[in-house]
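What follows is a pair of complexes built around chain A, which joins chain B in one and chain C in the other.
Entry: the complex of A and B
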């Protein structure tokens, strides 16, 4: 041991003991463990966990030879702590929303997921429930589902809600499936084979409609960035099944003529489904029903705070009018006045959208979140999300090289799609580069869905969760990276420098001869090993 | 209103931010929302439980109305399984870094890319194929997509289901493939419970079949010895062979690829995911590494690539142009937030289990299932169908006395035993019944059960079943 407490040569002054104030931008370094692949760890015979053996009197039955596994799977063999350490290192190489100022994943509503709500879902009275238990033994969870349906019905203005869809896109698909069943019932499905959506609605609106068998018409924005009402009028007709639309759109621009859009589609005999992925700024302000919609869906992992879990499990909720309620996925949760029960007897239902009753842990979290805030709290969340967004907009638009396309002079609701086009023209630095350089400062951002209608896009959505100081820090990081792009573009173009790894060489990913979706494929194709 | 979740709702902060923007109130930001669609009243919601203590108390009151399978003796299965979840799995999936991350780049989110790529790789070893996707929502979705993949590859219309299939799963598949496919369910052989090969051959004779679909184990819990023969029938008809399987069986049972499956699919809930009232699911799809198969995946497929620095592992999306993220409705089906964290958890599970753990758990469950079927067959008033056919976890029995399966189930529950769900609730399609048999019930045993648990079930049934 070296002695760190060797006496100083002279008396220590206060000045000597003074720690300099933090610089304006944090000197972040991400964990980089240089961790091997799990297949390169451990060794033969090591065990991570043991399995109970059956009573010795019980024999393992004979399996017919063709169905018996002959060679054991080449899984890694590790001791328990090796497994734990490997995955904890990987977790440290991942920047969760609990750690960074996660305002950069626009459209994703990265709000705080309260820790207390995680407690409820880890409780065995949720985690150890089986979906086929007697209803008398699950009245608590049924109460949560029943109440959550009522809360979301009030928030959307709709009559009935299904909590079964596994995620936002699954909820879009469930809505399209209900639309299909509705027109099939009326004998109009053959005729009504078109769905209309907008370019700034999530791509899953177009993709789910196509998957469900509809032709897709996509409305492009007008010169101001609003969905083009002239294009809508030209598109609707006797073939229109539905309009699937987000509002505010992924640009953060609210379509003020939304009622007229709905009226136009209704007049043509179509239904209107509202993708409320961007509902966070309008909770308690305006509702799907108020604008005339027949169906809508919420992403509970966005607006209602359940964690994003590296890309799910999420949870979706479809809300519909009484007219469409018969088509909801089954079962529904009903009350006979004394107890709650599951109603499987719904003959016009579209059927099951996923196993059992939905992603229950996230339904519990969403319920707890709404109950902790109430009506006033939900409105405060919405207003603060919008305030934060316009505050960040006010700061970011002053950064050289940034522009805010469309709807000049109009406010944005809960997010903004910015453009770095000018900076790109000036410096040759792309938006992706800036996002990756931001990782060197402990944060990141997302550009936009494809196609890039807004050139060199960046989509920021600050939600209600971040403090003013957080927003100031985020804007300062962007300003610093923009300054670097003008003064030292190479640093930005080659970023990240302080993240877990450096720029990947992605060429192999699109070539069937070199893509490697698994370790065995890598060994075979790249290392030339024969299995 | 201020709240711990909403920092800038503090009036002074709000005022200062508005001043900096140059706005008088938040209302200015809502200028584009017309008066006509404004909600001019507060939402009608219950009063908030503002403090954490109040919320916990309320939730505890609700949860106390539940009785978990840990407080009873549960033999419930049928698509959601009670297995032991290793503590290390919980530790990893509850890490904030994984739980709260979303869709970052393979730099600041390197960890999730590596963990999911390793999950793909371990599943690939288990399934003995080279390509496994980042998880989709659940096994239902995986089956629906696998069948649509087969449809796109063959350009054909018909789908033939050859083994007993959960009714809910069939409902989901039917709805999902409706635009392009019709589903023919071939009833299974009533004696053996397995596929009726002659009937499948007949169904295929009509032609235009995109895929034959079978499950291992089937919805009856049965491991069908005809699974390899179905591959020959499918391929002979120019169809693909799609097999849904429980991945937990694969330490002891042959992977579907070994007996001719072109696409394997299923649910990874048995791999270390809690039951959560049926809310813990994630689906996998697996194929050989052939471009025409890979091209049809809608889901994300992570790939391993070099970085600019020697010896660093980098990751990215393989053949991204397939996806709806890249090409909207021109992509394959759609991709979106699905069930990634369950993939990470299942990866931890497989790393803990290793090849020996997977073999042992398979043997234990096969042995206990066989014992349970033998033991219950000795209960007067109980018949156990399908002879000595191997079963894994799930199995069905039939009551020959006066009581229906639902009556027996309720009496079991009163005695602290969960199980014996009438198969009518999840009526396996393809069991050849016009209406469900009200005396047939499903049970399930896993490695968490002991011989004594099964004996207790048997003696309890002896009291009830007349």
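Entry: the complex of A and C
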């Protein structure tokens, strides 16, 4: 709580920043191997493993001619040592989640993924399973999935859970599909063709609703920074199918009128789906069902510690009330009292989200994480995440050039979307420049989804995983870069200087003509070789 | 490689009136009065700040006119300067040795090298590159005077024409709405002689209703650098030149008028963050809005207000909307045809008849004004005849709406009852099957 005797933080001027002693930041310098692509390494005939020819006594069946390649595949030819060296070098040119103070990926919830949980995943009893095994031989892992479903139901307050979605957006799509099936069953789908969302809800909500055939109505924030309840009242009606809303939003602002939002939509006959991508600050404190929601989803790779999609396969879960349970993706894990089985016979189900049963290793990790913490531990994790976030907020808002738009002066839940607009106006240094300069100190951050609504944005989410010393170091890095921006803007504008990758050409991201996602495409598009 | 050539015109009196409470400094009397009141010229310093953002490799040559109207600011930025004017015949004593050497190197035997100029016509913003104007005509205008208070609108006009005659890739001007109008006038006169010249405003004025300005001097420099570097396919868009409507002001109303359009490098907000360019998102957005508009209107007439969004949407439907006016389109099977261009209120009333009729508008110039600025032809009578609120379609990409920062859409139809009727949450078409509910207020 606020110490009433402590001086108010007050604005810190650039002059203050200049006279402040330089903090003892680490002298980071990243490896730069100038490593070629694996296809450019090695040479003809180099091998990692020499496979011995079969003994003449062994009869090797002939591969049918129709299945044989006409030419050998263009694979790299390397020794084991070359391969190992190649990937170790690449790993040194990264700033992975286990290498840096990864609080800069706001909304991604980059919490520590406990390594002990990997032991379960690598255990042959998980690692050696095949999805086509007979159910009687996989009762153990089915029990893990079944119990994980029950745990997530308890955490959300919902009645039933599906672990079929591949990740967060897939879970949102599953929820929208269930909403569609629900109204189709009631003969109201033609009438109810509108879905309402908010500007600071994750963009996947609008995208999934549209993909499922709904029209999308977006609510902007009101003067206080909360989703505009007046706009909601104007938006709802007999055409309303559902409200898809993230809370807290990506600004870290918790919508205190969330129950009223749900009441308004229910009164119009619509359903309410809670995007819980930002659930890390409310675990064990409040539940989607308690606010009246009909559906919700979790990103297990965020809130429940499993690795993220870009750094490993993700996992999602959707949770619903009993009324919507018939529409859950199939198969579900059911019990007949003696044994567990996969139920594919669900005629009202929206169908399968993916082959087999999701990313089982990540489901095992999430299960282990929840079980290791227990109910009290989950709540402690959420409280620590909120405490960490507000500690970091207290430090970062004192850095010259930073502001915290919307809901001025109020605490945030588990993340904050800051703005460097003042610093940009003072120095010409953009938020993206600051993020790149932070890489010279061994960390980084993410700005925001596009288009930027908060100008010069920076989104930080420290989770429960980081210590006070970590957060002090992170804030000190930002303060140092801000000081540099005021005193030596060129250094920041031209950063990074001590990390491997300099600057990417972001316009190429919008230009499919430059994308090379295979060696063949690389040769054609980048090297200019004819196919 | 030929160095890019940036034209620079500074209106040294722009902004003078702001801090001394005089408002704009249109006309020499106000400028003199502002100086008497202790106003200090700011335009030159802000132009210098913009040009500093251009000090990259290869640095550009600043083609400008003498003294406070450009050369002083350009030199202060440390850039190579080429001063034009009748006395210099295109090459003045102000040309640095470096510039002179490069000019000699660039100049082929038969004439100066002609680099690529991206040009645009109002009808086709995405026109392919065409050769730029060459300094063939030396119809040098009167030399601009250099004492700040002495400079007039005619000086700006003359300077712009001299710069275009000298051959430039982009015209930067430092000033406000009045200066933008002078630039527009000069280029209109020039337009008959050659392709339109890309323009960007460095905001230094008091009144800045126009959409031709960058958000600040440094941003102007960054956008100019992105354009000159040709990076990421920066294209041009038509941006509104607006100014205060003095007659409305005398009648006690604050209003602004649309005077025309200038071609401005299109660096959307998100790209500007990254200082490079692409308009993919914008093209996508206007295509989506066009599809939604076609769905809603179906078959029948549509009154289309002015604005960069409405023009892009019309183009996506296959119609060429007029530059600054209100048009009537006929929609059918997802395509549009222009039925009448640049219509007056009376013509609109005649065409709408007893109604109903759809009216599509876009907030103009980033100010949030939906009605009563630049589209007064769509009068209260027209709006009522068309069917009022139920027939009003607001078109705006989500990022442009978000850039209003929560400020409501503004209504000033001149009819308080109608403004009240339209006040409230309006559905804004942001894409195909997508709307934002956004507050509008009179």
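Here, the second predicted complex is superposed on the first by the 453 of 531 C-alpha atoms of A that agree within 3 Å, B and C clash if a C-alpha of one lies under 4 Å from a C-alpha of the other, contacts with A are read in each partner's own complex, and residues count from 1 in each chain.
Definition applied: a contact is a pair of C-beta atoms (placed from the backbone, for glycine too) under 8 Å apart; a residue touches a chain by one contact, two chains touch by 3 or more.
Quick caveat: nothing in here was measured; it's all calculated off a predicted structure.
By the document's definition of touching, of the two partners only chain B reaches A:177; chain C does not. Looking at the shared chain after the overlay, A:206 reaches both chain B and chain C. Put simply, more of the residues of chain A are touched by B, taking chain B and chain C as the two choices. By the document's definition of touching, neither partner reaches A:489: not chain B, not chain C. In the superposed pair of complexes, A:221 makes contact with chain C only, with no contact to chain B.
Once the two complexes are overlaid on the shared chain, A:362 sits against chain B while remaining clear of chain C. In the superposition on chain A, contact of A:269 is made with neither chain B nor chain C. Contacts of A:431 after superposition: chain C is touched, whereas chain B is not reached. Within chain A, the residues touched by chain B in the first complex and by chain C in the second are 206, 210, 216, 218, 450, 505-507, 510. Looking at the complex, you find that chain A touches chain C at residues 199, 206, 210, 214-223, 228, 230-231, 234-235, 425, 428, 430-432, 447, 450-453, 455-456, 505-507, 510-511.
Of all the residues in chain C, the ones that touch chain A in their complex are 53, 216, 218, 231-233, 268-271, 273-278, 280-281, 398-399, 401-402, 406, 424-425, 427, 430, 433-439.
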